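Listed below are the structures to be examined.
The following pair of complexes shares a single chain, chain A, combined with chain B in the former and chain C in the latter.
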Partner chain A sequence: MDTTRLAIDLAAILAGGAPLVIAALGETISERAGVVNLSLDGKMLLAGMTGFAVGLHTGDVLLGFAAAALVGALVAAVLCLVSLRLRQSQTAVGFVLALLCTDLSSFLGNPYNRVSGVAVSHLPVPWLADIPWLGTVLFDHTPVIYLSMLLIPAAWWFLFRTRQGLVLRALGERPAAAFARGSAVVPLQAWYVVIGGALVGIAGAAYTLDLKQGWSYRHTAGIGWIALAIVIFGGWNPWRVALGCYLFGALQTLATRWQGAPPGILAEIPTQIYQLAPFALMILVLALVNGATNPAVARIAAGLPEPLRRPALWALGRLSVEAPAALGQSFVRP
Partner chain B sequence: MSHPTHVPRWRAVPLAPLLALLAAPGFVTVLLWLSGTPVLATWQLMLSGWASTAATRADTLMLAAPLLLCAAGLTITFAAGLYNLGIEGQVTFGAIGCMAVMRAFPDWPTPLLWTMALAGAMLAGAIWAGAAALLRRYGRVSEIFAGLGLNFLATGCVLYLVAGPWKKSGSASITGTEPLARELWLPTFEGVRLAPVAPALGLLAIGVVWLVLARSRWGLEIRAVGINAAAAERLGVPAAQRMTAALAVCGALAGLAGGLQVLAVFHALVSNVSSGIGLLALLVVLLVDARPAWVLPVALTFAAFAISAFKLPLALQVDSSLGGVVQGALVLCALIARALVVRRT
Partner chain C sequence: MDVAIEQLTRTFGGVRANDGITLQFAAGQIHGVLGENGAGKSTLMKVLAGFIRRDSGEIRLAGAPVELGTPAAAARAGIGMVHQEPLDVPAFTALENFLCGSDPVVFGDWRAARARLIEWNARLGFSVDPAERTGRMTVGQRQQLELMRLLTAGARLLILDEPTTGISAAQVDALFAALRQLAASGRTVLFVSHKLDEVAALCDTVSVLRAGRLQPPGQLAMPQPQAALLRAMFGEALAQPDAVATAQPAAAGAAVWHLDDATVRDGVLALERMTLTIPAGMAVGLAGLEGSGQQLMLRLLAGAVRPVSGRVMSGGRDLGGAGMAQARARGIEYLPADRLSAGLIGSFDLGEHLELLAPRRWWRDRVAARAAAGRAIATFDIRGTPATPLQALSGGNQQRAMLALMPDTLRGLLLDQPTRGLDVASARLVWQRIAERRRGGTAVVFASVDLDELLEHADALLVFVGGRVSRLIPRAQLDAPRLARLIGGIGFEEAR
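Now for the complex of A and B:
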């Protein structure tokens, strides 16, 4: 494969993964604060549909994104109200919201089905886009894709290098300790879940206003569920989460490549399978990565002969991540 | 599911669904009004559409049947504290298992073939649920995500079979296999699509599940694991085994639902054989807080809504997803109402 082709592929992966990155980082913030927001897929659909409709009526892409962020934040606020304030199971509320928002997007989005609308315009970064090779990969995209790339270091820096980030993580690990230190646990959690929801909303609009321009029934094809899985695969760390998103993007690119393969065994498989394969593979990877946290695997690694043992243990240590300790448990004020 | 232990459960029973019944239609009405949909006509159709003809009444029962089977299974997994989101894939695999038996042994006498096909469906569903249980136990993937991944995989498998080895001869269609011969359909009333075996099995399943959960030692252990797995383990209940078993039983019931979809509804293996029935059953079980006695009326109601909603596009040019909106709003409102009722007592 020549290098130009590689640059185009890498650029496609960065672009294709952009909504997934934004959504998964939104969920990472929410889960680091201790709240599972299972509604992600439906929220993304409803926000994407709203963003498209608002963009169509106002002719303003930015307003579309704002509306999408607002919808994502509102759905997240409902989750907070019912799970944090009224203390219903986060899983149950999130699941119901996921289905409800999906159907709402189909019902309300019916007039916009396959209508052409507005879209984000292409914006190469001046000068940087002219750098050979690297310019094609990194600096020849739409603003949404730059946002997704900037969001990764920003989220990491906020979570791991700021005081607020420390408090946020404490909410997910030891809410009682955060409470004792004077943090208003539930309002703060709600705030971060709403911010995460707004990001997911923006991710939805990134589909309808940028990557898969337009709106159709169940536009995201289940990508929201994969975003949830990638947050786990990424060990709640923005860099690894982003890596997971791009891995998924690469799998999808590969799948489309095979789909166009010359006649032979690969071309005889129906195209729908290629669209589904990345989802199944992602779960497999998730199982392998999570399997590394299994004590039995650690015992096997410890029993390996010497030249293999240290790298194996090192790899396991890097792979195994524990979830935030209080994830999914709504905090009760002592 | 967690219950606040200080409140007697029976006190929360009738009030919560009643409050939800008031709030949810309010939300939907506002939604209809805002979206410029004829409010009264839409509600009229949503509430009575299912009863308009003998055919739609039969369709309602035939939709309620797999819904009951799945909800019965999910009642067990919920009692064990598990969210079996993989149920869609278990229904799909049940359908595959059923079709595999039907294709493998065409010479068997029909009643035997039906029995074995449905047994095959249950086995296939249980195996698919077992895969989720294994991933949970050894891969430490939550059953929610293991199930979701397996759902995608099951859809891939059925598409492969329908488009590949089990392809309809002389057609590139991927919607379904060749239909079964008429004499291989489960006994069906002439004129309407009602095969009474399906609803009967649904009723039987929910009854047996109620009996097992409420009256047997195994059911007690399942519930103990659901409330506090660590405590159950201390008392000598093998928690991981019980969870695996709960998932497998749920998978078997979901598989049976899938098998019935093949033998009694579609009379072929179609690519969207589960068509959201498992997820709808999850909503049913969430609405009734996994109480088996309430599953029957709610499953019937949800089936009626779904069948009515199918008539919306033709009659009023309204999207049929409104049915899902009504169901989702009801469950969300029920969760809220339940919290409010429990707090006040």
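Now for the complex of A and C:
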């Protein structure tokens, strides 16, 4: 494979993974604060549709994104109201919201089905885009894609290097401890869930206004559910979450590539397999990663002979992830 | 900072946890707050720390009335509390917990925080490593960390709720020295405990709570005679020496357990080549620092682990690794230390537990189960109804409920820390029920970290030191100092 081809592929993976990265990071923030927001896929659809419609009517892409962020935030606010305030199950409410928003997007989006509208314009970064190879991979994209790439270190830095990030994580780990330290637990959680929701909304608009321009029935093809799984696979860590998103993007790119391969074994495989393979592989990866946290696996590794034992234990230690300890539990003031 | 509490009342579902308490704490002193479990100490302290709200009454700090509705408000007023179970985030490092607070700082200066943590460590003689994961630290270190965090946040009234539970003797010494130093610097320290000797060693004054009220009304200057404090805590009857001596000569019954050259291993622990017989009616105490092999022994006797070599016999059959179901079929029951996570189903009531234990049938017989639960409640003096979920019961009542669930055909009873977390009166009731079982011929093996409990209730003891075990030592050959030395490993070799 020549290097130009590789650069184009990498650029395609970075671009294709952008909405997934934004959505998964939004969910990461929400779950780090202790709230599971299962409405992700529905929210993405409804926000994407709204963003497209607003963009179409106003002719302003930015307004479209703003509207999408607003819709995402509003749906998240509904979840906060019902689960944090009225103390209903986060899982049940999130799931119902996902179904509701999906159907709402189909119903309200009907007039926009396969209509051509506005889109984000391509914006190579001056100077940097001219760097050979690297410029093609990193700096020859639309602003949405730059946003997704910048969001990764920003989210990581906020969560793990600032004091407010510490408080955010304390909310998800042990809300009673955050409360004892003087934080207003429920309002703070609500804020972070709403911020996460706005990001998911932007991710929806990233599809309809950029990567998969326009609107059609179930436009995201279930990508939101994958984002939820990737948050777990990524151990609620922005870098690993992003890695998971790009891995999924790469699997999809490969699938498309092999689908159009010259006659041979690869071309004989039915196309449906290629479309489904990334989902199945993601499940496999998840199973492997979560297997690493299984005490039985750790015991086997501890019993390996010496030259293998240490690296095996190290790898397990790196792979194993722990969910925020109070994830999904609503806090009640004592 | 002087603290004044005026007519403070807080009720929980009809129970007056604090009932019109009026009390003052002077600045620059250490004040003991004594009382048995459920006397209302923690409630009073949590109200002061803003953790729970009061129903009525007034709190004044340095003469000015304050509203302490949230921990944030209490922290602004200069109040900090170290909870009994340290309220920190186990997944964080010590430094992260130290820095995690409420003030509106967005970014935080990590390097400065680290320096300050190390500085406090040196000043108070503590041993907290900033990079250590909090969940891996000892309870004592986690308390030290909380204390240093509160001091950094500017706390001038420090509340410590049962701080000496589960920490080592060296950590107790370090804590007491630090508290004296903090009081000397003008801070007010409230020390909540139910241990008389600690209050006597540390405190300038003491206030005794009983059933939500101050008993006697007002603060007592230390020192006080121990008998007077006991009377204040428990009333006349219980201040007397134990009327029901439960230890009794062992009836030389048939062997319930017989270990035949048994060796059992679990990780670094290895109890090697044990040969001993436990006859019916005998009580054997397992002594030692926590985690020295007592639990492994209990699990061996419960048929939950298989010996590497040798045999565990019960009733003429090999029990080794047969599984708890097999052991139960032979009349052996195991009561774990953690009652709610391993022994009982918190949301089920006593009747439902009895139904679970009933012979397997397709249908439920709720009427009979309720009736049986009612009988058990009367017999075992459980404070609850047949329909009370067990998680709503206090620790002592849960322990008695577990005893009530034991079948009548019980031959061997294994208990891990039978009275952990129970106050004196509850513990006594539990031991009375166990004594009744022994009179019926049940052999009892129990692990405890309380020397008095071991010496009072065991006929013979096994001492565990770092995964090694002594021979069966008759109670008559032991007194508290000798037992303490053995647990510390002094003279242990001769006892093997």
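The working rule: the second predicted complex is superposed on the first by the 329 of 334 C-alpha atoms of A that agree within 3 Å, B and C clash if a C-alpha of one lies under 4 Å from a C-alpha of the other, contacts with A are read in each partner's own complex, and residues count from 1 in each chain.
Rule of thumb we're sticking to: contacts are C-beta pairs under 8 Å (C-beta built on N, C-alpha and C of every residue); 3 or more make two chains touch, one makes a residue touch a chain.
Since the structure is predicted, the reported quantities are computational estimates derived from the model, not experimental observations.
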Does the superposition put A:G182 against chain B (first), chain C (second), both, or neither? second
Classify the contacts of A:L228 with the two partner chains as first (chain B alone), second (chain C alone), both, or neither. first
Return first, second, both or neither, reflecting whether A:R87 touches chain B, chain C, both chains, or no partner chain. first
Hey, is it chain B or chain C that touches more of chain A? B
Taking the superposition as given, does A:L97 touch the first partner, chain B, the second, chain C, both, or neither? first
Between chain B (first) and chain C (second), which does A:N110 come into contact with in this model arrangement: first, second, both, or neither? first
So, A:L276: does it touch chain B (first), chain C (second), both, or neither? first
Look at A:L286 in the shared chain and tell me whether it touches chain B only, chain C only, both, or neither; answer first, second, both or neither. first
If you lay the two complexes on top of each other, which residues of chain A touch chain B in one and chain C in the other? none
Quick one: which bits of chain A touch chain C in the complex? Just the residue numbers, please. 161-164, 166-167, 169-170, 173-174, 176-184, 322, 324-325, 334
Residues of chain C touching chain A in the complex: 46, 49, 51-52, 70-72, 75, 81, 83, 87-92, 96, 99-103, 105-108, 110
For chain B, which residues count as touching chain A in their complex? 1-2, 31, 35, 83, 85, 135, 138-142, 144-146, 148-150, 152-153, 155-156, 159-160, 163-164, 174, 279, 282-283, 286, 318-319, 321-325, 327-329, 331-332, 335-336, 338-340, 343
If you look only at chain A, which of its residues touch chain B in the complex? 38, 78, 82, 86-89, 91-93, 95-97, 99-100, 102-104, 106-108, 110, 222, 225, 228-229, 232, 268-270, 272-273, 276-277, 279-280, 282-284, 286-288, 290-291, 293-294, 296
